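Just below sit the structures, each encoded as structure tokens.
Two complexes come next, and they have one chain in common, chain A, joined by chain B in the first and chain C in the second.
And then the complex of A and B:
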């Protein structure tokens, strides 16, 4: 700008000696010098007093302190060693205290010596056999072994489906053979779970030397189970839909069928997650246009659905299947009733009528028997609901064995807790690496808060695990995992990820460079002349 | 015919004002759709002054709602009385012109307490200055487009006029009103204060000058400093009046409205620029392109840039305070966040207050080129805006390039003004340099 303008006579050409006197400009008046200095000071004071604080204030990056060491110790698997305490109670019908104690001591010794269940801390205690099994007794122990010495039947063992109870009839064998038998039955009940747990840990830093080697076949099976199941959530929405290809059936007795066939399972599962249930009926449901549709097979007189059509069977465009209802994933169960002329309809290769879509839900084809009612009764739905129940267990990640549902649930709780702790820990590790690598990204306070919460919850979950409070451990691990993901995907952090420091030059220079040149030059010139004058005067 | 000439010779102001008012009203009567068409133009209506947004705010206010809740209305609350008509805008224009006339007649442009321009006889007739304002096509379009920035312009001119009459309290109050209507006139506080101080001291100086012998006339006169108010004290009083007036207006607004919401809505909008509707200014394109992380920093840089000229102009042009005011108005018109042609038109007209220096600018500088560029951008700006947004055959760069040329032409005019004012001052110190080429060292 023109603020520094001090017009002066243009020096004439040097060749003209007669005008030499005029060549040098007349000296400035002191007032003019002072005005110029004041102006330069005025500009610089705006820059220094207002511009500089503003620059620092608006462009400084807020980096909250993260407990990096703790985060890394979690990520490296040093903060916790997975060990699952199991309390097993041996109830015998034997009245003799000594022989009962001997059996318990013998079993304890066997578990200490063997390496069959390395991941578990097994604690065996004696108990009293009572015929009427009370629900609260269930809570004292993870597994209750009833030894019925008085039974005359041959050696056998069975798990009760709705209780963590192993009924053992040692038969006529001696005490040592009986304890050997009980030992093997207990190991059998937990072998699958242990395999699954060590598979979970095998790829993480938490892997322990105690882990057991798995065959490739077992690994594929476990992987398939994991991919099929939904991610763990505290709330699932179940949607049961009846799609009729024609106008009938137009109603189903789903309430009664639910009560009879599914509610017992849901009651058990509700210890781990909560469930909401919706149902709907849709008539004249057309096939998806992307599939070939059923083919009539002359030989069997049945309609066949090709295996390749199964993935596109659900007509996502026209069937009203909500992707999500509120918080938590939706599990869809679709019952499809084909038209009379296309009945019976089944899958070509296997002859089956139901299949499972991983992490989405289950589909079934219902071929009505000859009587064409407009409504499906609860009895008609029995087989359907049992298949759905089976699919539900797979979709929520319930392990297929052992046969007792209660033990499977306990198993699932431990597996879910383990995988959530592993995932939260690895997220913490990734976050810590990210903040160390990108020194210019902002770390808002919310991230630090989430990280603290994650670590606190992880510690609590591990404490719960060590003390055998598996349901609490699961709840804490889930919160820990949610918080860790929230911290990692904080949007204000992600925005700055790809902004290296050298790009800042390109941001500042185009505007501030040209502005700075006259400011700096004027200041330098003025300071130099000030020095020259000082030198002259001294 | 004779009577018209006679009327013109006797009452030029009456004739000018009545014809200007008639022109405005006739345009509205002849083309009833014209005001609404102009209201929709981005060159005239900005988000902080648009007439349509005023209607929205008024609608909400009259139904007992907080007009600032919707996030559309960003204008000051006292306008909310009733919808201003075109007659009110015409009246404001006439009053502004009349005030400009008084400023020109006061001689503040060419005579101050320590300086009288050697070219003072070349100044324009005050009526011509008023005519330059009233008949300026940019002013005319703005009047018909009815943005509320017209109120701010009116109060700024009023404040300068009161400063020329050496009335510090009314001047500070008028400036407070202007700043209250739209934020940026607050930057005029130092130059207008200086002008007012200069006019307050002037009578004493003139008296001293007259009281001296014939020899001292035209030379520096020793003035009794005690007879004059102290600069610092005057400045503090002026500032205090300004602050109290603003506080009073705020309290008044709070009484009208249900909450204090209006303060962030009215005054943070130009500061943080949430609405990036294209306008003839330099901000919108820059902040569309700016990275979010640096947005706040550059908002500060742009505002500090405007702010940083305020005091240096006062220092350099302390002998010609009205020139400092005009130059600062130019800075605001060019660099304000929600620029519009109304402010530019007002500034271009107020340059005529410095008409005694025009010969310097036109002989030595690039005034012709700048004015030609202004004409060219006035034509091409709307065309490119249409090509970009309606025809779809252009892009944002078309319009932004034109606004750059527009700003460049205005900056050239501003530097020319500063040059001629400074040259005028220099020639009074060194009469031997008159008419010669000079250069800056």
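And then the complex of A and C:
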């Protein structure tokens, strides 16, 4: 301490009369003071101009620029407003052009005035009635309404199960009553879809004022539907497993059963996603130890499985149900055959034998008839496969109504696109919040690239939605969502957290500390003496 | 040549598989029990499942495990061989290796496979191989994913496809070993999960991790191969799962509630009375002689839990268990529901008994009482091989393999494969075959050499030799190696243990292969294999805290230098007398003096000495 303060005290001691007994140092020449100052300034300038930038450069982390504003606008729901165009073609048997035009005009007016389908832009066009429905006609319109004026049957309407066609027989009613009837039938066909779309949007910033209010009952139903279904993927792997509690049955005619009962459904669904199918047989399948197991019910003479056991029924530790290799989730379908002495086995409260495990698959218990065969034939499997098909539609997220499968698929495409856009937007928002909050994490270029791709795909998807190209919109929305997730879960962003700034400083303290102390003290001393001299001179 | 019933067994099983070939879906299992000298028991489990190629392509799996099949399909693997092994087969006292060594791996994990891919596109092949090792690593809970480019080789001579591969479908052979892998229960559980009965019924119910991994020698194998008829049509895919082990009978029969080995009470120990120091209070225990008594329940902890007979329509009874005993050795059948075994007399006074298994809920057990006569060893081995690393400190190490042909009449032609990690660089010019016995003559020689040099951090080196070893010859194959220095981050955890170097793989070519006329697929005899134990290679290991020490020491030296130079440049130098009294010490001294004065005025005494002392001490101020 004494050493360091020496220069500062020196000028005052020279004139101190009380220290006369000591020799005082000669006064320092201004040139020497000047040199010392130059030296100190030179050292400091090296530290500031070279050392500091070098330190910052070597310890800095790479943060790419993200389009935060665009990301936030997506997250806040400002970038897009959901509106679904629907083109409906009215084909009538009416030969008269004028009355056909009148019907179309009347319906158009009705849709414009009514507020029953606020989420849709409905465009109605006239068309020619032809008895057969060709597949290529499907591309013209989202819904074709066939009005059969010549039929003598009473007023009725029905949807064809495999085509987007609504057959209407207006009966003997007049033209205005007929158009009223057609209007209500169209609204009925789209009402469920609209409800589910507005439910999807209700929790997001995209919620539109046009959305319709839902009752609590409808809400729980729609919630259950969305939690059950898998997230949308372009590829699903279906695994059908036969688990026998004993050594029989050890084979099943699954190939034939699949061709007969499941392939038609899969062909329809393959417009939206692709499916791979594999099957396996496993014998001596035991229950998992975590469940109570079946109880014998004396009254009915049946074995009962408690409802609480259903969630733990699948013995994940022992049953070989590992997911398939390749992109896409695996949907498991388990057929469980109990041992002879535990048969028939059913669920206690309901007496049912099948249940669905949300986002995992379906389970079914098969109680064989008395003849215990070593193989299950395709006929035995009919009921089983139909139940599996039903579970599959729920698991891929196909809406339960309207009765036409084609319309349900179109409906699902719109719902899935909407939910993918919503989830990609919220991921973008989360990423932007994350980068603002954690300033020390690195943002590699790949993240910026993924974000750019996400935004481009989102814009494309929205454009497709606005123009009614729903399949393209779905494909773009899926890529957008994948890219957004990829950006958010980028593994190299996490690594930096384990090597924080404190560690870098701590390692170099033996260098920085001893170097900094003389530098700082010399600078302080010089500044003090400068100030003192200034005070003295004034 | 003597009859080798054990080697013939897999061959006799195959026709059975194809006889039941409805659409190829078949499953058979077999257990071979063979008591060995020194109170050991060999147990060989074999499970064979087949599926037709059509069902495999359509992904309908019945007996073939789905998880493994999907991996094979995804990585386009045509034939797969996976091994997990530990322990040492004592061929001097036990005899020849089971199954000709073909279902055996080097210590640790070993994997070789024929993967579809063209020679021109190595990156596609590499990607598929990478996918295969990673998926298998996940399936078997093993570190197989560490089989990367540095551990993968492409042997030329040592392996041949066991299955029939379609022509024009060029599958490439890739081979990788992990000698460091510790085989344990977590590898056995997925192995059992691949079986149709999953260890719940049939002979697989004996496979309990505690017993299997308590064995002296154990190897677990999975072999998948395509099988086609002569025209190359009507193909099937076969998976063979094999567990071979040698148990110490005394050790395995320790009760499970008290597994700690304790010395026997003195009354139960048999003393060697021939020792001169033998007396009432001194006992040298006699080496156990004869065969100990055992039963399946005592050795494996449980009896066999019924059969895993899946072809119930098949009327012909299966005999999945084979027991080799000396002819005069009584065997007791402990299960009520099972049929008696079928006895088959062999020459040399031994008997082979084939047992059927009772249906599932019934159990099966056999019991053998102790016998004074020890069991005969198996047939003598074809070849003895040992390998070691010489050299210490700075000496260049030499890798030496001693090969000896014990036969008096049979000449051997064999291939030898050594895969070395890249940090062990062989000097090929030092490679020589030294003839140690006179029987070698001039005909013991290297005939072919395939060598792939290592590339640092990219690829290991591979040495593959074809050599001839006449009857009775003992020869020493040696070459010098150089140890590379690794980078700081390349050391594994626990680097001081050393690095494992995979054992050499020796393939003994069958006689028929040498004879050009008999070289026809149907009559071809399979080659037998032998693997030398792995080596532990000590490499100089650095002190892993060194980088931080270096940073800190360098920083301190730099800071010291900087401080003195800076002070020299900035300070002003004056004479000692010219140094002014520093402000703070003076003030402190004044304060202390004032305090002392006050104290002395309070105490009334001894103020003067203290004052003088202070002043004397205060005058030394350094410059």
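Following the convention adopted for this analysis, the second predicted complex is superposed on the first by the 434 of 538 C-alpha atoms of A that agree within 3 Å, B and C clash if a C-alpha of one lies under 4 Å from a C-alpha of the other, contacts with A are read in each partner's own complex, and residues count from 1 in each chain.
Going forward, a contact is a pair of C-beta atoms (placed from the backbone, for glycine too) under 8 Å apart; a residue touches a chain by one contact, two chains touch by 3 or more.
In this text, all values refer to a predicted model and were calculated from it rather than measured experimentally.
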>> Which partner chains sit in contact with A:286 here, chain B, chain C, both or neither? Use first/second/both/neither.
In response: second
>> With both complexes superposed on chain A, which partner does A:46 reach: first (chain B), second (chain C), both or neither?
In response: first
> Touching A:326 in the superposition: chain B (first), chain C (second), both, neither?
Replying inline: second
> For A:54, is the partner it touches chain B (first), chain C (second), both, or none of the two (neither)?
Replying inline: first
> In the superposed arrangement, does A:507 touch chain B (first), chain C (second), both or neither?
Replying inline: both
> By residue count, is chain A touched more by chain B or by chain C?
Replying inline: C
> Once the shared chain is lined up, is A:436 touching chain B (first), chain C (second), both, or neither of them?
Replying inline: neither
> Which partner does A:527 reach: the first (chain B), the second (chain C), both, or neither?
Replying inline: neither
> After lining up the shared chain so the two structures overlap, which partner does A:38 touch, if you call chain B first and chain C second: first, second, both or neither?
Replying inline: first
> Which parts of chain A are in contact with chain B and also with chain C?
Replying inline: 1-3, 5-7, 9-10, 25-26, 39, 43, 507, 511-512, 515
> Which residues of chain A touch chain C in the complex?
Replying inline: 1-3, 5-7, 9-10, 13-14, 16, 19, 22-26, 28, 32, 36, 39-40, 43, 239, 246-248, 250-251, 254-255, 276-284, 286, 318, 320, 322, 324-326, 374, 507-508, 510-515, 517-519, 522
>> Under the stated contact criterion, what part of chain B meets chain A in this complex?
In response: 291-294, 296-298, 300-301, 304-305, 307-309, 311-313, 315-316, 318, 415, 418-419, 422-423, 426, 430, 433, 436-441
> Residues of chain A touching chain B in their complex?
Replying inline: 1-10, 25-26, 35, 38-39, 42-43, 46-47, 50-51, 54-55, 58-59, 495-496, 499, 507, 511-512, 515
> Residues of chain C touching chain A in their complex?
Replying inline: 25, 58-63, 65-67, 70-71, 74, 135, 139, 193-194, 196-198, 200-201, 308-310, 312-313, 360, 548, 551-552, 554-556, 558-560, 562-563, 566-567, 569-570, 572, 574-575, 577-585, 621-622
